[in-house]
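For reference, the structures are reproduced in the following blocks.
The same chain A turns up in both complexes below, where it pairs with chain B and then with chain C.
Now for the complex of A and B:
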């Protein structure tokens, strides 16, 4: 990677388990120095550099803040980017995905807001469980396949929770 | 005059040279300018002592009226008097028809698709009308602060899209203002409250202005204001309350819906007055022609309920977007004149489960926050008191992909500035060009999103389909303005565009307007010189008055006192007029007759100061 590692920008060691409060505090410290507002009447070249640095810092912060994106980034750091499209060898999880989607459709048909709240809690628990498993294996040699599988699960769960939010919005209409 | 201002020992009367910068709230209904003076942010008043400048501009033969005079003429001269112009900023004619209200203006289409309003002074774009308001505020500020401005922070609704922001920046440019930053209105309000209360935690800002509604969720930590989410409705505001009441009158009085512009204006004025009265009264009388009726507050509440519901829905969405729960929100701040409506306060209080904060005047809070940020950006604040505002982009930005779909590149509520790249490829063998269509919006289909720009990347070397790798980079700066570039990675062929909003001004239009503004520059200069003389005279009067109160009886004979009073009165009489040289002459005379008094005061104060010190201190 040509760019400095996202973790290094915040003086952190690459790790999946992160103290998010510490990350936020370091982000606020760093962004103070590079934000374009600090260069409101500096020469154009400095303004442009500030813009680039701030944009880079923001991108790093957004990546590390989100568990699925952080996981993906860690694997990319370790062994190269994951292929964008691949046949997922994870039959158990595929089955569970289908069940979840069916449930969500049912909740939508019945406009069941309370059911949505319960669904959200279950989703959160599932995310926590996958995160724990990922944290335990991502940096172990020979566990790359397992780590990739878990990242894809995290990504799916993240997408599902976005869909739940969209559903909430629709039910709010 | 300086002799009369006696400073305490060890204190300099002249603070270190500050760079003059102001905050401007360019509102739909009213506009304000504020500045930090002696460490305190406050709105600046015009020569009549008015802080609020109604956002109304009337074009007349050979002159332009801005403010109350223009607002007063809105019904009698509807074609030449432009109000609520902010609703037209960055909009095309088609959008304006969609606003769903009858505007009394005669529109013509310009070179671009921007609507121009026909007036006795020719066709005026919304940008020019806004520039006239900004110019008036700039002159006021320069008069009061006594010098040229290094720049201004201008506030915009968080929900303003790229076109609306660009239009606001264009207006500032026409008005001769250098924009230090476009600041989102809710963020400005948070700054005003945050500084005041040194608060920490999550705050919601509910901003219901004349024409727009914004809701923002912010986290304040150690001087950093981080916008977590923002949402709203750029076509919902207090004006809609007026329209609701006016519609009710039309229905009750059995009027036909097709009314002439003057009648429309009168109805809206009556509606607005009724709305304001209902903040205090339970019930107001209304009349129109032969019709007489009464509107109760509870009926008014039911008229605005659907509008209110729209704003509350946007609140729930913003809270979800912010990833927080209602219980996490420690305070709700009310901004905008429309939050004076009791039902609005009540409904917001119910939703957030706590009474909203209304300590700072909801009409002034945005300008005050903008002034604080302007002071920071101009470099007048250093060290610990410096604030940092981290805003987000309000709407998703993306590209058109195959099948008329919108592919999001930067999702809404991403902290700005931000840059993000996405790779695309060619879909035909030998394809040498690619169309890049930049979009803004949340919907899936291109036709439901706002088209921001189109440009073409040419000169791609012919290859088989899918072999070229085209990287499109979106960059949003701290003002929320977007630049897009595209590059074919193999050959390095490149194309980029600073997004020109589809309803922005063409370069030709900007050039013409700049010329126009130069033509008026002479008038501007004279007006500013007069204003400066008035301010100097006013300051002299105030300091003489203050000195007379303290030492007049002790240090002056009756004749001397009478002479001073007479010259003060003469100067006051000249103040409201526009004879600059007379004001200048009389200011000099008053200074002369108070010279001896000033000298005596100085002597007296030196004696007093010496009397209070021990000898050895003086020898050092």
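Now for the complex of A and C:
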């Protein structure tokens, strides 16, 4: 038996645009059904199966709730998995990424929390823009290259927003 | 994760960090990135009339291994011809820096940056 698709586990159709609240609610529902407490008196095989299901649900939920991971998953469903480690040559985008990282370094040196807030809003806008473009093209024939380029951009932006969060924590201390 | 002494040396004292004018006709710029870890690497070369790389600069946002790989790449490229520089392999970089298997992709990124910089220069000069 093949592994069920992550979306099917939550009775959802594969799509990039997702209602994350609905996803979270369905995840909590499904996980409750396989909670170990419910299987305390069940035979070991059933207990093990419940644990496996809980792990599968968690894996699916973590994948779907993150925009870049969801995007990668959709492309994998559609036309095969993308390599994990790859070199991207997207000069204009990478140049901008480098400039933004330089800016972030300056904000760190100056401990400029207000500047970080502005930076974060701009980053969020950029993420929103790439997500919109991805949502419009990922399932169109002939658009695979563009969808792959966009998902790679989402990965870079996601990494950058993690760094912004870490910087905020450091500046808060 | 434990870094090798050579990685730490390049990380703490990176060689040739800097920027050249990308519009200069004698400068080739390679811009590459690794989406999974978010690394961004810029490697630039300045080539003289004899086709020899007389200077190389880099800027890398990424882990210690990525910084060390690009730092080492600029050291090795200086004084080499374009053809010689293109033969620098990621495996040689990884070996020199004693990179662990999970960091091999950092040396791949450096090799790809070298190739991209050489290609950019050749394109500018109409050599491709």
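Everything that follows uses one rule, which is that the second predicted complex is superposed on the first by the 171 of 173 C-alpha atoms of A that agree within 3 Å, B and C clash if a C-alpha of one lies under 4 Å from a C-alpha of the other, contacts with A are read in each partner's own complex, and residues count from 1 in each chain.
The rule is simple: a contact is a pair of C-beta atoms (placed from the backbone, for glycine too) under 8 Å apart; a residue touches a chain by one contact, two chains touch by 3 or more.
These figures come from a predicted structure and were not determined experimentally.
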item: Which of chain B and chain C A:89 touches, first, second, both or neither; value: second
item: Partner chain in contact with A:66 - chain B first, chain C second, else both or neither; value: neither
item: Which of chain B and chain C A:143 touches, first, second, both or neither; value: neither
item: Which of chain B and chain C A:108 touches, first, second, both or neither; value: neither
item: Footprint of chain A on chain B - complex, ascending; value: 150-151, 180-181, 221-222, 224, 226, 313, 316-317, 320, 376-379, 386, 388-390, 414-420, 475, 477-478
item: Complex contacts: residues of chain A adjacent to chain C; value: 84-91, 94-95, 97-98, 101, 152, 155-156, 158-160, 162-163
item: Chain A - residues contacting chain B, complex; value: 24-25, 28, 31-32, 35-37, 40-41, 51-52, 54-56, 58-59, 61-62, 165, 168-169, 172-173
item: Residue numbers on chain C that touch chain A, as the complex places them; value: 31-38, 40, 42, 59, 61, 105, 108-109, 112, 116
